[in-house]
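Chains here go by letter, A, B, C and D, matching the order in which they are written, and residues are numbered from 1 within each.
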Amino acid sequence: MSKIDDLQELLKKLPGIGPRQARRFVYFFLSADENYMSRLSSLINDLRSDKKICSFCRRVHFDSISGELCPTCSDTSRDQSKVLVIEKNSDFENFERSGVWDGRYFLILKNVGLTEDDPSARLQLDRLKTSIESGQTSEVVTALSVNPDGEYTTEYIHKSLTPLVKSHNLSISALARGLSTGSEIEYADSETLKNALENRK
Amino acid sequence: MSKIDDLQELLKKLPGIGPRQARRFVYFFLSADENYMSRLSSLINDLRSDKKICSFCRRVHFDSISGELCPTCSDTSRDQSKVLVIEKNSDFENFERSGVWDGRYFLILKNVGLTEDDPSARLQLDRLKTSIESGQTSEVVTALSVNPDGEYTTEYIHKSLTPLVKSHNLSISALARGLSTGSEIEYADSETLKNALENRK
Amino acid sequence: MSKIDDLQELLKKLPGIGPRQARRFVYFFLSADENYMSRLSSLINDLRSDKKICSFCRRVHFDSISGELCPTCSDTSRDQSKVLVIEKNSDFENFERSGVWDGRYFLILKNVGLTEDDPSARLQLDRLKTSIESGQTSEVVTALSVNPDGEYTTEYIHKSLTPLVKSHNLSISALARGLSTGSEIEYADSETLKNALENRK
Amino acid sequence: MSKIDDLQELLKKLPGIGPRQARRFVYFFLSADENYMSRLSSLINDLRSDKKICSFCRRVHFDSISGELCPTCSDTSRDQSKVLVIEKNSDFENFERSGVWDGRYFLILKNVGLTEDDPSARLQLDRLKTSIESGQTSEVVTALSVNPDGEYTTEYIHKSLTPLVKSHNLSISALARGLSTGSEIEYADSETLKNALENRK
């Protein structure tokens, strides 16, 4: 039954899925109808063949009309001078759903690990710097998750862009730290209480 | 982005997967490499096109040599006079992994719901009866889950086969009720304690 | 604030309670009203001072009228020739709530650990043997949880009592193994499937 | 066995404890040793009889030397002109453990519910106002949990104190909203993203 085992192996790689649930998925497929299976197979194939990567923000999109840029990066109704540095496609989607950002995005795809050697090329900050130097971008905001990798990456990016603050009148900032929705004072960590106190207003 | 939404819809149908995790799967696919995606797509397609249904036990298999019967049903080293009635393919796999049954199987695909109208045709008990009447099968054991549907189905099948007990010297039984591995006396339900006491040995 | 810390330490010993929840209990006490606190303190004190241990089954009870025996052991409407060997007070309560046993009980207080040296005295099987030898008890059923300690203890007790089977016409048995309420065939372990098949009926 | 039932009833009132776990606690008590039980009973009794309420901050403490004020409120090494408005004793403890606040506290004991009629007396804001009017307090920071009641209470307190801002040069603020430790951009809610963007720095 090696095809079943092969499929289970692939499904085990899905986020949060162990061998047992991967097996349940296979069984689900075994009893799924013809139509479901052929649609699933071809959609997965399409995702592979049709996906495009934006030449500025590196976001995955499926727009075939816009050129090298994704629809968001080429949308002139947005404030193209502001860039929000985020980690990944799902962060983009959450910000868009929230409707709180009207500038462009810049994806780094994966936060820098504390032991990563030379992340500069991987983050492709050069493209961001070029955009600043050309006068296209005048404000950069980092919006990374609050965990060791995210905080280290924030620091790394701020340090890399600091020389451009004076020379190109760049504004750099990071999302504020404080109490998030649902925070309970009784259980909040020291770092959060400290930031929430310092930024009180 | 309708292909992404379509794929999320299909993935939401997987057992135990809600909209949020389905979306995470889509994002995983977006950043998966070419090779992973094409293998996944073609394996899912193969599963659809290559699967066979055994003409006796109704189990899904992928054996292309054996004829109408699956390898288990045509295995003459097994005791072909005994049939274990189970619900589904994953139950088959669990019994085979346990190595505790050396007869044939008979899948009903889904337990009978308490409100199901005329389950007889759906369960295809006629094929089982034919096998009993022809002298091929002399013992039937029901092995269904212990929940309302499973218990109702057990009762339904036993009742359907009862006329054959005398006429064809058929032996019918059900898996025993009692303490299963991990049962704690403190938390066991009355039904389990009652059965475990009655069957004490 | 050492009384608060001391109380937290004691509350941490409650089953399933960690330091954090123990602290929450202390805070609950701090804002509880006078009446709650004095009732709690005195009930806990009463539990300590009023509890009695049955001289046969070793169960805790609070009956002040019956003599050395608990109300259950002295209840002549029950079948006093049958004894159910259980581990602890909460097992007793679960059996009584189920209403499936009408004999006496015998508590061993804690199952035998696999590395326990000489459990014989601790289990006080001598009292049980005396009761068998005197003709008072003619059937013993062990009802212990299905885990390594419980299974080892079951074996130990059966072995200890075996000599009395012939000499005193003793009947010994254990609760049956099989599918308990809620068991799903797909997820059942081999041992449970094996027992459920062997005991099929 | 009514004392057991009574005790279970009292233990069910503990935060996060249902009837089943309350029963387990009772069983734990039944088999606990004499010493544990008498210490527990007397500590609970002491908590009741020895507790003091600070006449300024309303915090529970056990200090018998300081007069009407708790040790924190009477500690002259702290900045006594600043007051942190918190909900409860455990919030106090969390701030003290964090070491991020060096002023006084003011407990309101319970956030105002959205349907609460006239919370003014219950919150005892008059005592806080008196302290501001007398020149003792010049800064008030509200530090309440971020949920509907907490946010409503924050608004209520700020509105109540606003008249004193000009007349007594009072500074009022609330803990900042933003990303707390562990926040993931992918899952952050709109409100948190909005606040974190607005307060970016």
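Throughout what follows, contacts are C-beta pairs under 8 Å (C-beta built on N, C-alpha and C of every residue); 3 or more make two chains touch, one makes a residue touch a chain.
In this text, all values refer to a predicted model and were calculated from it rather than measured experimentally.
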Given the touch definition stated above, what is the smallest step count connecting subunit A to subunit C?
2
Common contacts of subunit A and subunit D?
none
Chain whose Cα centroid lies at the greatest distance from that of subunit C
A
In terms of C-beta pairs in contact, which of A-B and B-C ranks higher?
B-C
Distance in whole angstrom between the CA centres of subunit B and subunit D is 55
Just give me the whole-number Å value for how far the CA centre of subunit A lies from that of subunit B.
42
When the centre of a chain is set as the mean of its C-alpha atoms, what distance in Å lies between subunit B and subunit C?
38
Give the residues of subunit A that touch two or more other chains, as numbers and ranges in rising order.
88, 90
Once you draw an edge for every pair of touching chains, what topology comes out, line, ring, star, complete or other?
ring
Using the touch rule from the top, collect the residues of subunit D that touch subunit C in their complex.
1, 3-4, 6-7, 10, 13-16, 21, 23-32, 34, 36-48, 50-51, 60-62, 88-90, 109
Using the touch definition from the top, list the residues of subunit B that touch subunit C in their complex.
86-88, 90-91, 94-95, 97-101, 141, 143-147, 173-201
